[in-house]
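Can you read through this structure? Questions will come right after.
Chain IDs A, B and C follow the sequence of writing; residue 1 opens each chain.
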Amino acid sequence: QSSVQISGRIDLAARRVDNGPDTQNQLVREGARSSKLSIQANEDLGGGLSAGVVLEMQVRADNGTSASTFWERQSLVRLRGPFGELRLGRDFALQNSIGGDFDALNGKGVGNMMNMATPFNFSNTNTYTRVNNAVSYLTPNWQGVYAQLQLAPSEGTTGNRHVAAGLFYVQPGTEARATWGRTKVNSVGRVNALTGVSRAVAAEGEFDYAGLGLSHDFGPVRLLGSYLFWRSAQEVVTGQRRFQRNLNLGAMVPVGAAGSFNVAWTGADRSGLGSDDQDGRQLGVQYVHKLSKRTLLYTSWARLSQSALAAADTASSGARYNVDGTTLLGRTGGGIDVGIVHAF
Amino acid sequence: QSSVQISGRIDLAARRVDNGPDTQNQLVREGARSSKLSIQANEDLGGGLSAGVVLEMQVRADNGTSASTFWERQSLVRLRGPFGELRLGRDFALQNSIGGDFDALNGKGVGNMMNMATPFNFSNTNTYTRVNNAVSYLTPNWQGVYAQLQLAPSEGTTGNRHVAAGLFYVQPGTEARATWGRTKVNSVGRVNALTGVSRAVAAEGEFDYAGLGLSHDFGPVRLLGSYLFWRSAQEVVTGQRRFQRNLNLGAMVPVGAAGSFNVAWTGADRSGLGSDDQDGRQLGVQYVHKLSKRTLLYTSWARLSQSALAAADTASSGARYNVDGTTLLGRTGGGIDVGIVHAF
Amino acid sequence: QSSVQISGRIDLAARRVDNGPDTQNQLVREGARSSKLSIQANEDLGGGLSAGVVLEMQVRADNGTSASTFWERQSLVRLRGPFGELRLGRDFALQNSIGGDFDALNGKGVGNMMNMATPFNFSNTNTYTRVNNAVSYLTPNWQGVYAQLQLAPSEGTTGNRHVAAGLFYVQPGTEARATWGRTKVNSVGRVNALTGVSRAVAAEGEFDYAGLGLSHDFGPVRLLGSYLFWRSAQEVVTGQRRFQRNLNLGAMVPVGAAGSFNVAWTGADRSGLGSDDQDGRQLGVQYVHKLSKRTLLYTSWARLSQSALAAADTASSGARYNVDGTTLLGRTGGGIDVGIVHAF
C-alpha cells in the first residue's frame, strides 16, 4: 500500500519596518509561518515497517523565486519500523529546531526570536539550518520520550562534518526538547572592538550549538520558551572563542474559539573576542485569527534594541541583530506585519 | 472544504525563421500557447468567502530549463468574498494583459503582436510582464463589469515601485478591457538617430504603459484587436520622452467543428528621442486544429517589416522588432511554425 | 479521457570510496537506481490516437539540489497512433541508452559500467546524455521489433546538430538493441602521451557513438551485456581521430523470491591521438533485496584498474576512468555502497 501527497503553505504579509534611521514598506514572505511545497510518499511494508520519501522546497512567493538549493528544506528517504527510524539525505539541522518550535511567534516575522541568532557570523559552518548528506537515527517512542542522532561526513569540505543529538519529550499539552550539534570548521567571525568591523579569522576545532526548549499548556495560557547556546571554534592566534547565550520567554493566550494573542521576549548575551558588549533585547506581540484550520490572518508588532558595539558593526559579515532579514542600521528598530497564511 | 489541483500545458513547434540575411531551423516553445505547470489550491470558508494559492512556473520544454525566477508566472495567495478579491505576491502585470488576450494569434509564435512591443528598451522597469511584491484588489463583478488595482512597493530598488489599474467588461461573446500601469524608473533607452546604437540614459519620473482591448464574436467571425501605448520617463539632459503606439487588428474564423483560421495585423509607431522613423508592420496567419479540447495542432506564418532606423539598430539593448525572440538582422523577416499543444 | 500522474524515485547510499591514495566516506545519490520526479499526462483521443506530456527532473537528494537544467531528464510532448509515435522536446540521447539498460548493475553506483565511459572528453558535444530541441519518430511495434529516429537542429550552436537511430527487439525475457548517434562538433580532447595532460584541440566533422546490447533470461540466471563504440571528430592538424571500445558482460542471479545477486565486468580500450595505452578494467558485484516492489535495499562492491597513462592524466578535462563521479588519483580504486531505494 502506497501513497503520494502534495501539500504546501504560503504566507505573505505587508510590512512596515523601522531599521533605525529609516523606514520601508515591503511585501514579505513568512511573517508567521514557513512557506513551502512538499511531496511526501509513504509505503506500508507490513510488519510495522514503512518506507517513504520527503521532498520539500521553500516557496518565496513575494518574488516567485526558489532557494538556490531547490529542495532547500528537506530531501530524504526513510525507513521506519519497530527499531525506530533511519533517514538519509538533506535534513533539518537537529540542533536548530528549538528556536522556532518553542517561540510564541513561531520563529517567523518581525518579532521572531531568530532575529537575535547570528551564528552564521560565528564560523564557516554549512550545517547551521540544514545538513547535507545526513544520516539520522531516531529511537522508538517510549512513553513520549525518544532520541535522535544525526551524522554527516565532510566529503572533503570544511564546514560539513557534523554530529548532533537530541532528546524529545512529547505529551498532550507539554513538550520538552534538548539538542546539541557540533560541526568542524576552520574560521571564526572576529569583530574589532573599536571599529565594529567583522572579518573571518583562522580557527581550529568545532562550532557548537546547543538548546533547551520547554512548553506547557495551562489552559488559559500556554507558556513556552527556550535557551540557546553557541560557541565558536578556537582562534588560532589568540586561542580564544566567542560565545552567545539567548533566552526566549513567551505566552500564547487563546481569544475566543479562533484567536490567539502571542507575546515573546528575547534577550541575547554575547561574549569573547571583544564582543562582550554586543547584547540585544527584543519584544514581539502578535494576534492570529483562524478563518479555518488552513487559513489564518495575523498582525505582529516588534521592537528590537542593541547595545553600542552591535549597532556600530556595519560590516556585511558583521554581528548585528536584525529585524527578520532587514539590516538594522541604528541601535533600535522594529516593525509591523499584516499577513495571510493559506495551507493546502 | 479544500482542494489542490495540478495542471499545465506544453506547446512545442518546429520553426523555420527568416531573420533577414539568414534562415534557421529551430524547435521552439510556445508557438501558439503559453507553456506552464500550475499548482492551485482553493478552500471554501463559508459565507461566500474563499482562500487560495496559485503557483505557476514557465516550462521551457525545448531545452528542459525553467525560468531564472522559478515561479515565473505567478506565486500568490488570495482571499475572495463578497467584498471582491485581495491578492498578494508575484502576479501578472495588469497593464500587459491586453496584448496577448486580444491578439488573434494569442500573443505567441512567429506572428504574435508582442513581436512589435519593445518597451524593455524604454527603461529599467522590473514590472513590464510580472510584478513582484504586488498587492491587488479586484472589485466584485457587477453585470459583467469589474475593476482591478495593483500596487507594489520599491523595497529600495529602482524599477519596482508600481501602480496599475484596469477596467473589465466580460459578456458571453464580447469582451472589453482598459488598463494603465506606471513604474518609477531612472533610465530610458536612447537610440542614436545616425548610428542606431542604443544606450541607457539617465531619466527621471515614470514609465507608462496603457492599453485598450476589444473583442466580439459575430458568429461566422470573431473580430478583435487592441491599442497599446508606451511612454518613457523624461531624459534628464534633454527633458524629452520616447513614445510608442501599437495597433493590432485580428479575425478568427471557425472552420468546421474543430478548426480556426486566424489573421492578425500589427502596426508600430515610435516617436521621440530620435526614434520617429522606427516603425514596423507585421502580418500573421494561423490555422489551429483541435484534436480535442486539450490537444491542438497548428501552423502559423508571418512577415514583419521595419523602417531603416529600426533595422540599423544593432545594439543588444536596441529597439529592433523581432520575430518571437529571434534577432532580426535585416529590415524584413518572418517565419513558419508547425506545432502541437497538449494541456493537462 | 485524460490523466495526470506524479511519480518518482529516491536512491541514497552510504559509500566508502577508495580513489587511489586516499579513501573517503560519503552519502551519495543513485547507488543503484536513477533518482527523479516525474509528471506524466496522457489523453486518449480515440481512434488509437493519444497525446501526452512527460516532465522529469533529477532529484539530487543527498544535498537537495536540482540539476542546472531543471527538467534535466525529459521535457517533451508526444502524439501516438497507428503511425507510431512523434516526440518533440528535450529527450534522452537515443545512443546513450544501452550502457545502463544492459548493465547488470543498472549503470549506477560504484560498479556501474559508465565509470569507463568518458566521451565527454572526446568532444564538445551537447548531446551525449540528453538532446535539446529533439524531434523523434518511433515506428509501430511489429512483433516486438521497432525503430526510432532522433534529430536535433544546431540552432546556431556547435555541438547541437544531432542525428541518431535505433533498432529495438523486445520479447518477454529477451531484449536486443542497436543504436548509433552522430553530432557535429569542432573540438576533440587531446591527451599528451608523455604528460597525460588533456586539452581541447580544433577538429572537424562528427563525433560518433554506437552501441549494441543483448539480454536473455535463462531462468536461474539472466545474462546481459553490451558493446559501445566512440569515435572522435578528426583533428584539424594531424587528421587523426580517437577511438574507444567498451565491452560489458554481466549476470543477474535471483536469490529466493526477493533477492538478486548481480555481477558485471567492463573493459575499456582506447586508441588514437596517443591514447593507445589508456585502457581500464572494472569488476562490480551487487546484492539487491526487495522489501517490496517499490522499496529496495542494496549493497555493491567494485574495483577499477587503469593503465599508466590513464592514471597519469590529471587534467580536469582529462581522460581518467573514475569511480562513479569520484576522481581517481591512482591506478586502482573502488568502493562499497550500502543504500536504499524508494519509488512512488
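Annotations
Here, a contact is a pair of C-beta atoms (placed from the backbone, for glycine too) under 8 Å apart; a residue touches a chain by one contact, two chains touch by 3 or more.
What you are looking at is a predicted structure, and each value in this text was computed from that prediction instead of being measured.
When the CA atoms of subunit B are superposed on subunit C, the rotation angle comes to 120 degrees, reported as a multiple of 5.
Under half of the residue numbers at the interface between copies subunit A and subunit C are found on both sides, making the touching surfaces mostly different. If each chain is reduced to the centroid of its CA atoms, subunit A and subunit C end up 41 Å from each other. Counting partners per residue, subunit C has 6 as the residues that reach two or more other chains. Subunit A contributes residues 6-8, 10-14, 24-27, 37, 59-66, 291-292, 294-295, 340-342, 344 to its touches with subunit B in the complex.
Taken in their complex, subunit B has these residues touching subunit A: 2, 4, 6, 39, 41, 43, 45, 49, 51-53, 55, 69-77, 79, 88-90, 130, 132-135, 152-153, 155-156.
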